[in-house]
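Which chain is which? They are A, B, C, D, E and F, in the order written, and residues in each are numbered from 1.
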Amino acid sequence: MELLIFLILFPLLIAGLLAVIQAEHVRRAVVISGAVLVGIASLVALAFSVTSQAVFYSVPVNNIGILVFIGDILISGYIIFVSLKARQYVVTGITVIQLILLCAVEYLALTNHAHIPELFSDQLSGIMSAIIGVIGGLICVYALGYMREYHAEHPDRPDTRPRFFGIMFLFLSAMFGIIFSNNLLWLFFFWEITTLCSYLLIRYPNTDEAIKNAFRALLFNLIGGACIPIAFLVILLTGESELIGLHELVSAGPGLALIPAGLIAVAGLAKSAQFPFSSWLVGAMVAPTPVSALLHSSTMVKAGVYIIARFAPVFEGELIGILIALIGGITFLAASAIAISQSNAKKVLAYSTIANLGLIVACCGVGTAEGLWAAILLIIFHAIAKSLLFLSVGTVEHQIHSRNIEDMSGLVTKMPRITMMILIGIAGMFLAPFGMLISKWASLHAFVESVPPFGILLVIIIAYGSGITAFFWAKWMGKLIAVGEPQQKDESHIPGSEKSILYILSALTIVVCFGFPVISWYLIEPWLLTMYQSVTELISLSNIEIMFMMLFLVLIMPFSLARFTRSATRVPRYLCGIPESETMVFTGSCGIKREIELSNYYLDTIFCEKRISRISVGIGIFLIVLILNIIIVGGGL
Amino acid sequence: MKQPEQKIETITVSDLIHQVHVYHDDGYRLVQISCAQEGDAFELTYTFDRDLILSHLRIPADQKTSIPSISRIYLASFVYENEIADLFGIPFSGIAVDYKGTFIRTSVPHPFGTPQITTLKKKQEDQHE
Amino acid sequence: MNPFLAAALFIILAPVVGVLITGLDRILTARMQGRVGPPVLQPWYDIRKLFQKKQVAVWGAQSFFIFCYLIFIIFTGALFFAGGDILLVIFAFTLGHVFLVLGAYVSYSPYAHIGAERELIQLMAVEPMIIIVAIGLYQVNDSFLVGDMINHPGLPILLLPGVFLGFIYILTFKLRKSPFDLATSHHAHQELVKGSTTEFSGFTLGMIELAHIYELVVMLGFIWLFFGNNLFLSAVAIVVIMVLEILVDNCTSRVRWQDAITSAWFVTLVAGAGNIFALSIM
Amino acid sequence: MALTVLKNLVKGPATIRYPYQPAKVTPVTRGHLVVNINNCIFCGLCRAHCPADAIEVSKPDRTWKLHQFQCVICGCCVSYCPKDCLSIEQTYLPPSPAATIVTVTGPDEPEKNEGQEEGINKKL
Amino acid sequence: MSYLQKSPWIIHYDASSCNGCDIEVLACLTPLYDVERFGILNTGNPKHADIFVITGGVNEINREVVKNIYEQMPHPKVVVAVGICACSGGVFKECYNISGGVATVIPVDVYVPGCAARPESIIDGIVQALKILEQKRIALKTTVEGTA
Amino acid sequence: MSKQIIVPFGPQHPVLPEPIHLDLVLEDERVVEAIPSIGYVHRGLEKLVEKRDYKDYVFISERICGICSFIHGATYCQAVEQVMGLEIPRRAEFLRAIWSEYSRMHSHLLWLGCFADAMGYENLFMNCWKVREKILDVLERTTGGRVIQGVNRVGGVSRDMDAAEFRRIETEIPGLRADYTELTRIFDEDLTVQTRTKGVGMLSKDMAWELGAVGPVIRGSGHAVDARMTGYGAYDELDFKPVVRTEGDCHARCLVRAGELFTSLDLIENAIDRIPKGDILIPVKGNPSGEYYAQTEQPRGEVIHYVKANGKKNLVRHRVRTPTLANVPPLVHMLAGCELADVPVIVLTIDPCIGCMER
C-alpha cells in the first residue's frame, strides 16, 4: 500500500518545501496544491478501506526501526533543549525519564525482535484519514488568508509563516502516521511529533502567555506520553514481542492487552484533553485560530480518542474501561458546565471540544459495539462541525476584532452568510436532526445496555450534560440572531479562500447528516463486524426516516421566512412604555441616555470555572490514579 | 384637639451644615425639607425628629445662591433637595445623587418658583382625529 | 393503530382536548380563587381572536421561529402518538423549544431577552429528568418505542415511582405553572411582563398558545406511559395530576430561578436518577 | 394555603355577576349630581366652590350647566347651595363614547322641570 | 360573532391618576367582580392587548409613554378612559403638569365617569368598548380587502 | 466587555400598579445598579391652593391619592384647624380615627394582595382583595365612597354614624379577624413566600434610621416610629401599641403590615367603645393665618402636611411630605445587589404610592 507511505511522506515533503519558501504566492500555490493532493489521497484511502479488509504493509527498508529510534531521540533532545532554555525543568525531567524508558524498550525490542508489518489500514483508519486529509487540508488553505490578516493585525509578532505552514503539514504527516501505524513504536514516534508540533504551534504568537501555555501543553502530553513506553515495557517483558503491533495487541484480547491498552489509553486521555489534563487545550486558544481548529477538530485531540477507540474492544466490560468511561463522562459534564460561564467564543469552543471528546471517550470506554459506533460517528460529526465553527469564528474575529460572543450580537444582519454557517455549525453540535444529536441518541442507547450500574451512571451524566449543552449553544445562537439595529451588510472584506472553505465545511456538515447511514453501513458496521463478531442492528430504518423528516423540516423551514418578514408591520420594542429616542436608546433616570445592552447569562455563581475545574481535576486525578493502581496491581499479579 | 405650638429656629445658610451635624450626632432622623415662597424670597425648612418630637431649622434662600446639600450627612436628603431644585429652581451644591433637574420633570420649569402659575394649556381642540 | 393515522388523529384532536383541559384548568383556578372564571372554551376564543388581530412585530423573523416552534411541537406530538422512539421525541421537543427561545431572542428586547434566557434555564432544568423518564421507561419495557410502551401489560409506575415523582415535579415547569413559571406566565403580574412572549402578538402569539396546547397534550401523554396499557388508570392519573398541578399552582408563589433549577436537579438526581440506578442494579 | 384554596372551591365564587345581577349601592353612595332647577336662583355659589370647575351658571340665560365628565361628585357644591337645590343620587352615570354636558335651563316662570333629560347635548 | 368580543385582553396604564381609579380597575379582576367571566385578561403588555384602559389625566412625561403604548398595540384596538381625570382632567385640570384628559394625547373610544369610577361602571365601559372593537375590526377588514 | 443587561423597569409594568421607572443594570440577574426616576404622576396639585378656597381644597387634598385619601383629607384639615386654632368636636376626631383605621386596613390589604402578586402568588392576591372588598363595603356604607370618601371638612366631618351602624361594625369585626388570621398565617408560614421574602431586601436598624425610613419599613427594622404614638386626634384616648419587628427584611415588613391589620381592628373597637356624643362639624369662619406641620400616620408611614397661610382665603403654601418619598432612599439602598426576581418584591415592600409621592 504505497498510498499510506504517500500520505505520510507527501505532507512531509510539502512541509519541507514550505519551510524554505519565502515568497507568499508560491507558498499559496504549494499549500493549495498540497492540501488538494492530500485531500484526494485521503479520500482514495477511504474509498479503498470501504471495499477491502484491513491491509498490512511492511516498509521495505532495512533497519528502519533504528531510524525511528533515532527520530525519537532527536525529538526528546530538542524538547530537553528548549525546556532547559526556558527553565521548564519538570518538562526536562519527564522527557529524560521517557528517553530512558525508551532506551530500555529499544534494547528489549532489539534483543527480542519480532517481525510485524509497520503500517496497516482498515475502515477506521480510512475514516480518520479522510477527516485528517480533508479537514486538515481545508484548515491549511484557510490559514493562508487568515495568517496574512493575523500578521497585519499583530505587527509586533515575528512573521515566521514559512515555518508555521511547515509545521502544519508536518502535523498532518504525523497524524497520518499515527492512524496508519501498526507498529506501536512507530505510533509512539508519530505521537511525539504531534506533541512537539502542537507545542510549536501554540507558542507561535511568542507572547509570554503563549509560551507558558505551550509548555503546559507539552508537559501534559509528555506525562501522558510517558505511559506509552511503559506499556511497551509491559508488552515486551511479558515476552510476546509481536504484540507490539497494534492489530495483534487488540486481537489478543483483554487478558494480555488490557494493561498495555490501559496505559496507552491514559496517554490518549492526556492528548484528548480529558480531566485532569484538560487545561492545556484551553490554554492552546492563544494560538492563531487555524491552529485551534486543527488541534480541536481533526488532529491532536482526535489522535487521543483514536487510540482509545482502537482499544475499545479490549475495554468492554472491564473495570479499567469503566473508569475511562467515567473520566470521559465527568469531563463531558464538567466541561459543558464550564462552557456556560465563558463569553470568549474560542473558549466556549474549547470547552465544548473537551466535552465532546469526553463523550467519545465515554463511548469508547464502555467498549461495546454500539458505543464504538456512536464514538466514531461523534468523531466524524465533531470534526466537521467544530472546524466549521472555529474557522467561522476566526473569520468573524477578523471582521469585528473580537472573540467575545457578546460582540457578535446582531451578526446576522452584518454577515448573514457567515452567521448562517455558524448557525449550521452550532446546530450540528446540539440540535436534533443534526450530527451530534444522532450520536447522543446512539450513546444513550449504548450506555443504557452496558455494564449495568455504570452504564446508567453515564446515562445520568449525559442527561444532565445535554441540558447544559443546550443552554450554552442556544444562548450563542440567540446572540447571533438578536437584532438590535440592522447593521450594514458587509462581508466583502472576507478573503475568498476563507469563504469558500466555510461553504465547503457547512455543506459537509449537512451532507454528513444526510449521509450518515451510508457511512454507517459501508464503513463503521463492517469495521465493527471485524472487531466484534456479531453486531446487532444499530439504528433502525424507521428512526433514520424520522431523522430525515426532521432534517427536511429544518431545511425547508427557512423558505417560509420571507412570508413572515413581509406580513408584519414594524412596531418599536417594548420598553415599559418608554419610547426609544433613537433605535436602541432610551432616556433613563437622571436624564441619562442609555443604550439597550443585552448580554447573555453566564451563571458564574453556579457554573464557576475555577470551582468546577478544581473539582473535576480532582476527580480526574483520582480516577487516573485508580487506573494506574489497577494496572500496577494487575501487572504485579 | 389643640396641639402644642411648633417652634422654628431660623439660622443662616453658613450655619446649616454645622447645625445639621449637631442634629445628626444627637441621633435625630431627617423628616423632611420643605420650601415655601414669600414674595421673592424663599425659605427652606429642615425638619428633624427624635422621640416623636419635630424640630425645625429654617434658612432663607433664593434662586441664585446655591445651598450646600446635606446629603453627605443625611443621604436621604437627596430626594428633597432634588425636588426643591426642580420645583423651586433653588440650586443645591453637592447632592449625593444629583438628578440635575430630571427628578420631577414638569411642563413648566420651576412651577413653584414663579409667582404666577403659567398655565400652558392648549384648548382641547383636536381631541379626536 | 396505524402510526400515520395516530399522528393525524393527534394533530386534529389534540387542540380539542387541550383546549378543554386548559379551559377547565382556568375555571378550576378561578374557583379556587373564589371567582367564577371564564367559559370553558375561552382558550379557543383567545386563539381565534389572536388570529384575527393585525400582525405587528419588531422583526418579521420572530414569527418565523415561532412557526418552526409550532411545527416541531406538532411533529413531536405526532411522533409520540405514532409510537416513535421516545428519545427522538424528546430531542424534537427540545428542538422545538430552542426555536421558541430563538424567536424570543430575535427582537433584542430586554424582557424578551431575559425571558429567553429564563426559558433556557428551564430547559436546562427539565432536560435531565425527561431523558431519565425515557431511560426508566426503557428499562421497564426494553424498548425505546412509545408504541411498545403503551402496550406494556403491567404498570410501569410500580417500578418507576421515583421517576414518576420527578416527572410530575418538572411537569410544573413544562405547564408553566407556579412556582416554576419563570419565563412566561399566563398572568401578567411578573417581573418579566410576559417574559419570552413579550414581543409576540396577534397571529404569532396565537401560534404560541396553540403550541402550548399541543405541548400540554404531549406532556400528559407521558403520564400515560407510566400506566402501560391500562387506559382507565392512566386517564384517572392524568386527571388527578392535572388537578394537583392546579392546586400547586394556586398554593405557591413563583420561586427564583436558582431555587427552581437546583430543586429540579436535586429531585431529578434523588428521585429520577436514584430510581433508574436502583432498577439497573436489580 | 391549600386549605384556603379548597375552602374557596367549596364555598363557591364570591362574584357578583354584575350585568346580570344588580350592582351594589348603598343609600349614601355618591352617584351623580342633579339639580332641582326650579329652586335655583343662579347665584353661582356652586360654581365658585366646585373644585373641578364642573359647573357653569349663567344668570342672564338662566342656565345651569354641568360638565358631567368633569364633576368628581364630591358634594362640595351641595353644601354651599343656599337653596338646597343640588343633590346627589345613587346611580352612576353610564359610560359613553363622548363627554356629556348637561345644560338645564331654568324656567322663566316656575314651571314643570323636565329639562334634565332633554337637555343632554352630546359634545362633539 | 367575532372572537374579539369574547376575548378582550386589556392593558392598564396609570397616566398620573390618583390611584383611586387604578385600584378600582384592579378590583375588577378580583373575585367580587371577576371580569375574566367575559374572557377579559389583564395582559400588562401592549402587544397582547386589545383594550387600553387608561386612568388619570396624563401628565407631561406620560404623554410619550401613553403614545408609545398605544402605538404598540396591534389593530383593532380601543381606548377606554376610566375616571373623571382620564375624561377631562377633573380636579387636576388646572394643574400645570396635567394635559387634561386622555383625549388630548390619543383618541378615546369610551369614557367611564366616576371619581373613582366604580368597578361596575368600568365593566359597563369595557362592554361598550367591545362593540366599538367589533366595528373597528370590520372596518379594518374591509380596508385591507379594499387595498388588496 | 461588560456582561451587562440594561433593562428599563417601568413606568408601564404590570407588576407596578403605578408608574415609576427604574434603570436596572443587571449582570446575569443580579442588579448592579438601580436608579429610580419619578415624575410620572406629578400633577402639581399643591399649586392649586393658590386658586381654591382653603375649604374646597380638602377635596383636592383627598385626591392626592386614592388609597390613603381619607387620611390626607383628615391631615390637611387638621393642619388648617391648627393654624386657625380651632377645637373641633371630639366625636369628629373619633370618627376620623375610625375611618382612618378602615382606610389603613384597606390599604394594607391592597398592599398584601399586590405583594403576593409580585411574588407570583395569584391566589393570595385574590384572597386579599376579596377580604378588602368587605372593608370597602363598610367605607361606602358610612361615607358614600369606596375609595374617595369625601367626608372630611375643615372643622369636622360631614357624616355621622349611628348606634346601629356601630353595632353592625362590631358584629363584622370577628369575621374580619378570622380572615386576617388566615391571611397572616399564609404570609408567615407558606414555604414559597418565605423563600421569596426572608433575607431579601435587608435594611438594618441603623440604616433604616439613617435613611429616614418611615412607617412599616422602619418598624420592620426594629424602630417603634409611628406618628399615632404622638396621640394626635383621638389617638391619645385609644390604646395604641405599634407593631414592631426586628428582622429588617421583606418578610418582616410584610408581617408588620399584617400585624397592623389587627391593631386597626382593636383601635376601631376601642374607638366605638369610647366615642363621645356630640357634634361632628363646627362652622368655620374667617381665614387662616400662620403655618403648621401636621404629622399623622398613613398606612405607609408618617405624613407631614405643611400649611402656610397669610389670612387670605387661598393658602400660600401646602406641602405634603409623603411616606413614600421618605422611603425612596431606603429602597435604593435595598435594591443594590438583589436579584431581578426580587426587584418587584423589594419595590413593593416599601409599599410605594407614587400618587402620594409626587402629588
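The working rule: a contact is a pair of C-beta atoms (placed from the backbone, for glycine too) under 8 Å apart; a residue touches a chain by one contact, two chains touch by 3 or more.
This one's a predicted model, so the numbers in the text were calculated from it and none came from an experiment.
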Worksheet entry | Target subunit D, source subunit A, minimum contact steps | 2
Worksheet item: When every step has to jump to a touching chain, what is the lowest number of steps that links subunit C to subunit F?
Response: 1
Discussion item. Out of every possible chain pairing, which has the most C-beta contacts?
Written reply: A-C
Worksheet item: For subunit A, which other chain has the most distant CA centre?
Response: D
Worksheet item: Approximately how many whole Å separate the CA-defined centres of subunit C and subunit E?
Response: 34
Discussion item. For subunit A versus subunit E, what separation do you get between their C-alpha means, in angstrom?
Written reply: 60
Practice prompt. Please work out the Cα centroid separation of subunit C and subunit D, and write it as a whole number of Å.
Written response: 52
Worksheet item: How many Å are there between the centre of subunit A and the centre of subunit B, using C-alpha atoms for each centre?
Response: 68
Item to complete: Would you please write down the residue numbers of subunit D that are in contact with two or more other chains?
Response: 1, 5, 8, 13-15, 17, 24, 51, 72, 74
Discussion item. At least two partner chains per residue is the criterion; list those residues in subunit A.
Written reply: 571-572, 574-578, 589-590, 596, 598, 600-601, 603
Fill in: Touching two or more other chains - residue numbers and ranges from subunit E
13, 30-32, 34, 37, 42-47, 59, 61, 65, 69, 72, 74, 90-91, 94, 96-97, 115, 118
Item to complete: Kindly provide every pair of chains that touch.
Response: A-B, A-C, A-E, A-F, B-E, B-F, C-D, C-E, C-F, D-E, D-F, E-F
Discussion item. Applying the document's contact rule, which stretches of subunit C touch subunit E when the two form their complex?
Written reply: 26, 30, 33-39, 42, 45-46, 48-49, 52-56, 186, 188-189, 193-194, 197-202, 205
Response to the item:
The subunit C residues in contact with subunit D across the complex are 28, 30-37, 247, 250-252
Fill in: Touch list for subunit C against partner subunit A, complex
54-64, 67-68, 71-72, 75, 79, 84-85, 87-88, 91-92, 94-95, 98, 101-102, 104-113, 116-117, 120-121, 123-129, 131-132, 135, 138-139, 144, 193, 198-199, 258, 261, 265, 268-269, 273, 276-277, 279-281
Worksheet, complete the sentence: In the complex, the residues of subunit C that touch subunit F are 29, 32-35, 110-111, 113-114, 178-179, 181, 185, 187-191, 193, 250-259
Fill in: subunit B to subunit A touching residues, read off their complex
98-102
